[in-house]
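Heads up, the next two complexes both have chain A, just with different partners, chain B and then chain C.
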Partner chain A sequence: MIKEEFDAIVIGAGMSGNAAAYTMASDGLKVLQLERGEYPGSKNVQGAIMYANMLEKIVPDFRDDAPLERHLVEQRLWVMDETSHTGIHYRSDDFNEVKPNRYTIIRAQFDKWFSRRVRGAGATVLCETTVTELVRDAKGKVIGVRTDRAGGAIYADVVVLAEGVCGLLGTRGGLRKMLKPEAVALAVKEMHFLPEEVIEQRFGVKGSEGCVIEAVGTISHGMAGLGFLYTNKESISLGIGCLVSDFAAKMESPYGLLDALKNHPSIRPLIAGSEVKEYAAHLIPEGGYKAIPQLFGDGWVVVGDAAQLNNAVHREGSNLAMTSGRIAAEAIIQLKRRNDPMTKRNLALYKTMLDKSFVVKDLRKYKDMPALLHTNACNFFTTYPRLMSQAAQNFMRVDGTPKIEKEKATTAAFIKARSRLGLVSDAIRLALAWR
Partner chain B sequence: MHIVVSIKQVPDSAQIRVHPVTNTIMRQGVPTIINPYDLFALEEALRLRDAYGGEVTVLTMGPPMAEDCLRKALGYGADRAVLLTDRYFAGSDTLATSFALSQAIAKIGETFGPPDVVFTGKQTIDGDTAQVGPGIAKRLDLFQLTYVAKIASIDLAAREITVERRCEGGTQKLKSRLPCLITMLEGTNEMRRGSIEDALCAARSRIVKWSAAEAGIEDLTKCGLRGSPTVVKRVFAPTPRSEKAVQIDTAEKTLRDLADELIGAIFTRQPALEPELAFEAA
Partner chain C sequence: MTNPVRILRVEDKLYQNRYLVDSGRPHINVRPHEQPSANLLALTRVCPAKCYELNDKGQVEITADGCMECGTCRILCETSGEIEWNYPRGGFGVLFKFG
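Moving on to the complex of A and B:
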């Protein structure tokens, strides 16, 4: 048995776990962080875009030595059908600021860096150590953890569960329910390596400027899903994700979708000649506000993906993870300073603080969005993209048809596909969910 | 008993790549591991300690980042780690390496108690020479037991050890006096998973870092590039064989034709065989 007791044990060394461990250790708490991977980042998968403001709140000088790929100056949002894409591109020189707002990162490298900072702040980090069980006292308060290593339990005042999307430990420990297939997406991605100058040329960027494309449409084969292409320094992350329940219902394979995306005439030239060196898959929480489980209890809090904190509409996850980790840590620090015990009642402070942050406010704003998109997947991801493509082509193609007839044909196509009532109700429901 | 295990941090050969133009190993960004052969030595040392009591000290020579492999060794349960690091050691061949390590082991003996057994792996996966272990034994005047497959028994009172040594044509059972140096054969045991205490200890213990001077090395001309008579003249990749296997269609031929064709094909490639075989047939 280990006699030594910690102020806090953080389970997992992803974004939320590192944020929590760093914040607590920086304040002088005695922190133990446990990670099952060989090194922090070895098991972590993300697209990935990192949002600077949220990291700055935790590690203000991160730009000095964090492994950042490109800062983003251009965002392309595409609606795709089988042969075309219709897009909104936003590019601004304003993004070439001293402290840029968004960066592409490679998690295996970034998380290693973050963990070095966590260690530097004074936390003890153990890798290749899987937590198998939460240890409770007679009253059910979580007082420590047991791992897959020999030697018994380790004790702490509070356990921060940053165990990631599957959250097996928390579900096994009865802290929350099992993940539902309709509340989680499966995303697959490949790393396409290309020389730096080829990427600069293809995307019209220079130096560390970067460009991202995010796309919806027939690429998800009628399922609720999103495709993405992110430029790194010397590689392109290309991937696509759809709801697990949709994959199951449609009997589609994730790699099949990714293969089709790679061969799409709009994507193919962007990755031509590249060498694929890595592929990865990961689950993403998609349930939104309504899927957020109980966030705290006697001796424990849950943060990041394990708490389902992911904004699917804005494709934000890691910033919510970091922020929830930081806020949980700040709540624990406050209790510690006041010498308050880590009871359920006291740890409710974490939820109160989180509710006031953008994390919960944003998720509440889109609370109806998952249900709408998931039940109407076919309309939003197939019918409308096709109609949009047809309309655009109708508008662009010059073939001697009088313009008034072209417009009528476009209108007719929309009405035929969804009926007047359907169009109006889709518009209203979308507007309501967005509000 | 006090056991010293000398280990080396090597690039993970599974992830290494050779530069297509210069034929040199591209070490940049390649993850490093403990030389896999050394793990058998370390595990054997830990087993001896668990059975007979005492301490295991791991030692490595390398750049500051070699600390990672020592920390890993501590995580497996080693009691102490010593990193011999100094720019004077850069470019060491096996002669200079065994000199520096033997000096460090002598210093370890002075500081933490004389070792009863020094372990090394059979060889490293990057150098493949199997010279450093015997080199250390020679310099420290230790009995050396190389390619050891099993430690049969130790009699600490009589200061004797009995081991099984794999050799050409069989296994030798050897008895030696202590102290001795053992180079451990691969596949002889399985590395344990350190306990949570070991892991915690490894994450926090301070690693002893010695420069050449701190390790008591006075003659720097025997260290690093200056002390290394080995010169790498050229590095080259083996040329791929141009000859490919020949496929013979068996469906449409009689056995006799097939045999003739095969023998014919062999003789065209190896003309020297023809008179010999023809003579035997006659």
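Moving on to the complex of A and C:
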């Protein structure tokens, strides 16, 4: 099929793959990018919030033509029980800036745009092509790939695995281990379409301003999970995700959770009358720092979700993906300039550079959080949300009960649910994991 | 109080999605078994596209046409060999319009 040899083959056209392909092609490297979908984005699913700063570092003028939905001026963090939500809202006019910080995007559209930029930079992008195997030389160095298209292997100096969370090639090729059910979440999402002005009214936004809600609580039925609602221009992305291990242990259905969330009295009015146009599901790496696999080897590097680079606490993924793709590309460019071979030893430069970036620094900060949330899912996602809700209601409801008695009742409820020791130990463990 | 949101069956949810089904070449297969393991049985509830169902002998069967290629079943059942999982051929499978 393709006789020529490339400087680099990038597998996958998601955030990390596009970032890597764009960066290398812009520098003049001969890049082939392979994507199994009909078009870039057709297999990709995200909430989605895109962080401008990380994209600016790759495509400085992205605002000129990228399909952006709304720039975020308001973030609501909710703790929910069956009938209520208690929330922290942050809204600031400071987010109405010339170059806004965060945007909602629709991945299929965004990825098509990014891919046009990748082609524009000079890379060859081949869609509808599933890579089936990595090709190695006698010493085990990765020297190319085989695909499901007719023809033989395609060769390159280095292969960038941007194959996404499932990471079939890497796991089957022995580059990294299979994901564990407790280190990955399954999220389901629906696209609810509503007229632009209805969204503006319901969320108190105007123009391209946007609002997002992220919620924990009884909505995840005692599992470690998160619900989200993101406003796009003419649609709302509504979804919920929980750890795969929890889903399996509890035999819960993800669509059942999503349907319950849609009917929650705090969510229902926000999506009333909407037309659902798509239902999607995707995995999210949740293992954090301790789950990061080997990132480089002879003739290969791995980036993005395939490398488990996802910050579950801050719900950041695509920016880590983009940044890891860019940094891997920059490392490869440096080696290329020096005419250094793409050996494991030389490609260690990618990890050295990544370790110095926010990507690894942030993940290291929260290295103990996944284990804490996994083992305490019931307390953090059910017991405390119920207690918070009761406390808030007790505080708000005026019924003639003396305030001192109300406060005592609230304190007693917390102690009854978790015991004094339990409360202190939960607080300490959370603080330690956060630090 | 707004009216309850209409709940669609999973089959109807999937009907809104676009697929290009590779007829006769399912990308996931379940290994023949007498009784499903706990993880394999869980797929009948956990698969977001409800691809896995119990037959009247209590065995788990798959119809992969509505698969969204999330990989949940692979995480739960590939290591034990109970399912065989691959991506569809290039261009086939789910085609997200929004994603």
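Heads up, the rule we're going with is that the second predicted complex is superposed on the first by the 432 of 435 C-alpha atoms of A that agree within 3 Å, B and C clash if a C-alpha of one lies under 4 Å from a C-alpha of the other, contacts with A are read in each partner's own complex, and residues count from 1 in each chain.
Rule of thumb we're sticking to: a residue touches a chain if its C-beta (ideal position, glycine included) is under 8 Å from a C-beta of that chain, and two chains touch if they have at least 3 such contacts.
A quick note: this is a predicted structure, and the numbers were derived from the prediction, not measured.
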First, second, both or neither for A:Asp259, with chain B first and chain C second: second
Contacts of A:Gly174 with chain B and chain C, given as first, second, both or neither: neither
First, second, both or neither for A:Arg149, with chain B first and chain C second: both
Touched partner set for A:Met191, first chain B, second chain C, both or neither: second
Partner chain(s) touched by A:Gly207 [first = chain B, second = chain C, both, neither]: neither
Partner chain in contact with A:Gly140 - chain B first, chain C second, else both or neither: neither
Chain B versus chain C, judged by how many residues of chain A each one touches: C
Touched partner set for A:Thr129, first chain B, second chain C, both or neither: both
Shared chain A contacts, counted only where both chain B and chain C touch the same residue: 128-129, 147, 149
Complex interface listing, chain B residues touching chain A: 75, 193-200, 203-204
Chain C partner contacts - residues on chain A that touch it in the complex: 36-38, 41-46, 106-109, 111, 127-130, 147-149, 165-166, 168, 178-181, 184, 186, 188, 190-191, 235, 244, 247-249, 251-255, 259, 262-263, 265, 268-269, 271-272, 276-283
Touch list for chain A against partner chain B, complex: 2, 4, 32, 124-126, 128-129, 147, 149-152, 154
Residue ranges of chain C in contact with chain A within the complex: 1-5, 7-8, 10, 13-14, 16-17, 20, 38-39, 41-42, 45-46, 48-50, 68-72, 74-76, 78-79, 86-91, 93-99
